[in-house]
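Below is one structure; the comments refer to it alone.
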Amino acid sequence: MGWLSGTTVAMVLFAVGTTVLIVRKDLVIKLLALGLVNSSGILFLISIRFQPQMEAPILPAKVGSAIADPFPQALVLSAIVINFAILALSLVFVMLLVERYHSTDCERIEHAVETEKAMLGRRDRTVNPSEGDTREETR
Amino acid sequence: MISRTVLLLLLPVIAAVSLFQRRRLSAVIGMGLFSLVLAATYLLHSSPDVAVTEAAIGAALVTIIYVLAIRRTGRLLVVGDEVPGLLALEGGEFVGLEVDILAGFARRLGLDLSIQIAPLCDVETILLRGDADLGAGGLSAVPAIRLHRSRDHLPTALVRLRPEADDRLPPEESPATDRCEYPGTSPISSRRSSAVNRLKRRSTWRAFSRFRGPTSRHGESTDSPCPGASRSSPPPGGRTCVISSARTSPSSSAAGAWTT
Amino acid sequence: MILPLFPLSHIFLGLAAIAWRASARATLIIGLIVDIALVAIAFSPAAHCLSSTVAGGWTDVIGIRLALDSLALDLLLLTVLLELAVIIYLWRQRLRPSFVILLQFLVGAVMALVLSQDLFNVYVILELLTLVSFLLVAYDRRTIQIWASLKYLILASVGMSIFLLGVAVTYANVGSLGLAAIQQAVAANPQAGWIPLAAALLVAGVSVKAGILTFSLWLPDAHSAAPAAISAFLSGLVIKMGIVVLIRLAGVFPLALVLQILGAITGIGGAIYAMSSTDLKRMLAFHTLSQIGYLLIGMGVANETAARGVLAYALAHGSFKALLFLAAGAAYDAVGSTEIAELISSRHRIPLRTRAALLLGTLAIVGLPPFDGYIAKAPLLDAAHGWTNQILLLLLGIGTAASFAKLLPLFKGPYRRVGNDPVWESYVVLALPIVLFLPIERALFGPAIILPAMNWVIALESIAVVATGWLMHRVYRRLSVRPSESLFRLEPGMFAILLGFVAIYLLLRLG
Amino acid sequence: MRRIVRTTLAVALSLAACGIVIFNHPIAEGGSRSNDTIQLATETGATNLVSAIYLGARLYDTLFEVLVFTVAVIGVRFYLLRRPSSARAAPIPESHVLQASAQILYPLTLILGLYLALFGHLSPGGGFSGGVVAASGLLLCVMSIGVETVYRRLSGAGIERLEWALPMVIVVVCVLPVLFGRPILSSLLPVGRAGRFFGSSSILLLNVLIGLKVLIGSWMVLYAFIRHRGEI
């Protein structure tokens, strides 16, 4: 079972996450997949220098046994919190979009935003006062 | 060693299964479970600190926030006229029997309720235009309301749900509703039927609803309130259904017929 | 020893701004004063004693090294410059404490990043930058901004997880995350199998943040949707942070070929889209891409002059791009639109100083001789050996000139005074380095760097490039071919990141 | 058709990216240099080596991580609290079983959070996980006595100011050693014998500060979400 290490599984999780991130249209699912991608990085970092029979890095360890490297674990703590922050904020934004469009479908929202953008340009142009004389000038 | 292998094998399976769920809530719960398994995996990789943090943040906090966030992502638009006792605006709030029913219905579906007041003569137009999902506010008191098949460019099914062999409808309603009825679609058996049942038992009411887009396709309510409609013609855009009940039908016996 | 104070002071001030709401404006001023003082110390002769330190006095193996090298000095200067300009620009607006804290965090994170010599530290700071700019882009809460911002966050977060994988691979093989240790490990065994993998992961991850095509497909939307002052900051400074990390990585891994190819794609792609864009802010955002292309090609050349040229160009680009974005914001306030046709037709309502600022920015960005665009580009043109690089740089120059030729009618009369231009002081702050770039560059990078700018061949070449660009604009205007904008959606962005990673890996492995 | 092509492409690209990493598998020679780490424990006085690194050697990273969390709190509050609240529905769950069990569980959870934060330098845990666990205790509290009650009591204690003041205190704790002639970001308080509760008092101090900050921050995030969404 040498091939079944944490790193391999982490990369499989990464592949699952990116696939779902592309294939599924629902924004909430996309965020879940994003969380999965981020977790895969963490699992990868944890398991990269790990070998079975290692003890947890808390002293005093059992005599004669190697302890796992504490360094990646300390890094990973930061990464977990960062992922939480990203998730909370993106969820808030998804909620704002849902409030506006009543949909979590990514393509629908994208389409609506693009239409809105086009409408915005047009409205600005028509709303402008004193448009007639400026047109004259450019001619 | 073996437990580590099992957990490692379990991780992608849980992730893939939960991310390909149709219902968002299932996906969220599945990813919460994934986080727990991940925390156990960290523990078996001799990193208890990371395991504790992952369990606290990934499995608890994140899942709670997700569940809070996806609670209500849609809106149930109701249009109706003010009828004292049924639907009325008092001090900026809607009160009345039908409001209570609608609130319960919206809650069942996981939607936000939003009520608009419109003159009775416009309710039908608004509903048919698709600007609202349900009509309310003493609609049954006006026999003159006529229903039409939806416009042709909307692939919708207009379904009437009523007890089988219920011929005690007031005669003036029949021509209007019959025109939009699909045969053989009346018995409903779904989770939602209890909601409909509640509606029917408690009030004299009639509603037209057109459940639009994502709330019915991706949302909480993938099993639609009128399954007959989806069976007869799976509509891509939305569906319209009419829920109508007779004023005169005795509630207890009719309820039995509804939940077949 | 005092190096951590650069970011920490801003962080403290930002938190003070939100804890005591009345003090928001005061903290901005205090932050500025502290910055100027610190930069003055950094430039003083005593600076060598603070040039490098490990935070907290730990060993290099596990600690985080901070260093004040020429790259850091260059960007610190740019930071202070932009901070000053943006604060002046924002001064008369209502400033919410939450805005001030985000601005302070942005400045603090930028300073921390340019000083950092540790890969994981870079990761954390990049994430902080991502989140802060994510919130700032959508600060007005228009739906367009929210969507642009969300897209940015999702793509940047995927990029950052790829970067984290790269950090993990590096740590597994080096045992430390300090750049010096990694450099030693790579130098000891340049053929090791992990090097292409780690380099590809790190480069692909950071490219998402650095405005490199085809990784950064979020950039045009986010930079054009943001409020003007934020656009100036993002385009002038924050996008350079990815470049800073790339420069650091290029000092460790053999990346010259990859950077050149990425630079070519980024530059040409950005220029094409900029030429066909009809919105001023969007065009400026595309231009950021094309200028990033310049920087990458310069980095790919990998010799001493080019490296200094890159630094000089980063500084110059920051100043004129910020000037253009700020002026575009003022023009939007006056006209109510950023469509170029609209701006031209109601140009009489744009304040004169804003128009002057747009003109100055345009002259600088196309690279006409007395201004900083030209002076900073000259070393790159001089150092780029080989005909591919030469042609690429020329093409980029032509593309820039061709897209900015659209703005020329904006500067025609009538020149009536309309209203007061409330933010002209910030234009002055940014215009000073644009006009007086020669002595600044000489002071920063030594006298050798200004020699190419004095070369009349290069000057003539630049003028010829601008003229060609103008001609090209006349031709292109009549063509109806426009590249599709649907590339800048979420899903192509995801595809591009994965594809880019695979491509970079193959390049590093085979090339 | 387009969908099939897209799905295939997505799967293929993801697998390619994943395969590249798997087949260049960085082989771990594994383990930590035990001398280094034991020395680390004596230098910081923390027997939990992860804490020793997290709040010792890499305090600078941790500081930025706290800031990332602060930014998240700012963002959530800024974007959610000004939205119209939809707290019409009852904040207290209808189920009495849930309510009763929440009442019993929440003190336990708060104590667990406190333990994790206080003993983070000796055993698994730390400020962050402690704070989050305590915040979920507060959530249970909300289930038993209602969200507005909890909110009133907590804001009566002035937690909002504290949310912004705590990171400032952390920054000050990081900078203060400079007054004693030690480098910035080194430990503020003296280091005692490894393994004692007060053996590494500055890590203990930081753990408590971070735990409190995270507790308040998580509560503010949760409150914003609950208020926006109505009920639990």
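Order of writing sets the chain letters: A, B, C and D. Residues in each chain are counted from 1.
Following the convention adopted for this analysis, a contact is a pair of C-beta atoms (placed from the backbone, for glycine too) under 8 Å apart; a residue touches a chain by one contact, two chains touch by 3 or more.
Note that this is a predicted model, so its numbers are computed, not measured.
A comparison of C-alpha centroids places A closest to the centre of the full protein. When chain centres are defined as mean Cα coordinates, B lies farthest from subunit C. For the pairs A-C and B-D, the larger set of C-beta contacts lies at A-C.
Averaging Cα coordinates per chain places subunit B and subunit C 49 Å apart. Averaging Cα coordinates per chain places subunit A and subunit C 23 Å apart. Averaging Cα coordinates per chain places subunit B and subunit D 38 Å apart.
Annotation: 19 Å between the Cα-based centres of subunit A and subunit D. Multi-chain contact residues of subunit C (touching two or more other chains): 62, 120, 124, 127, 131, 134-135, 138, 141, 165, 168-169, 172, 491, 494-495, 498. Counting partner chains per residue, subunit D has residues 6, 10, 13-14, 17, 21, 26, 28, 48, 50-51, 53-54, 58, 61, 64-65, 68, 71-72, 75, 79, 124, 126, 128, 221, 228 touching two or more of them. Residue positions 47-50, 53, 57, 61, 65, 69 of subunit B are each in touch with at least two other chains.
Per the contact rule defined earlier, chains pair up in contact as A-B, A-C, A-D, B-D, C-D.
Those residues of subunit A lying in contact with subunit D across their complex are 7-8, 11-12, 14-16, 18-19, 22-23, 48-51, 54, 56-60, 66-71, 73-75, 77-78, 81-82, 84-86, 88-89, 92-93, 95-96, 99.
Taken in their complex, subunit C has these residues touching subunit A: 62, 120, 123-124, 127, 130-131, 134-135, 138, 141, 143-144, 146-147, 149-150, 153-154, 157-158, 161-162, 164-165, 167-169, 171-172, 279, 335-337, 339, 342, 344-346, 348, 409, 414, 489-491, 494-495, 498.
The residues of subunit C lying in touch with subunit D in their complex are 1-2, 4-5, 8, 11-12, 15-16, 18-19, 53, 55-59, 61-64, 98, 101-102, 105, 109, 112, 120-121, 124-125, 127-128, 131-132, 134-135, 138, 141, 165, 168-169, 172-173, 193-194, 196-197, 200-201, 491, 494-495, 498-499, 501-502, 505. Note for the complex: subunit D touches subunit C at residues 6, 9-10, 13-14, 16-17, 20-21, 24, 26, 28, 36, 40, 53, 56-61, 63-65, 67-68, 70-72, 74-75, 78-79, 161, 164-165, 167-168, 171-172, 174-175, 178, 182-187. Of all the residues in subunit B, the ones that touch subunit A in their complex are 1, 4-5, 8-9, 11-12, 15-16, 18-20, 24, 27-28, 31, 34-35, 38, 41-42, 45-50, 53-54, 57-58, 61-62, 65-66, 69-70, 73-75, 213-215, 218.
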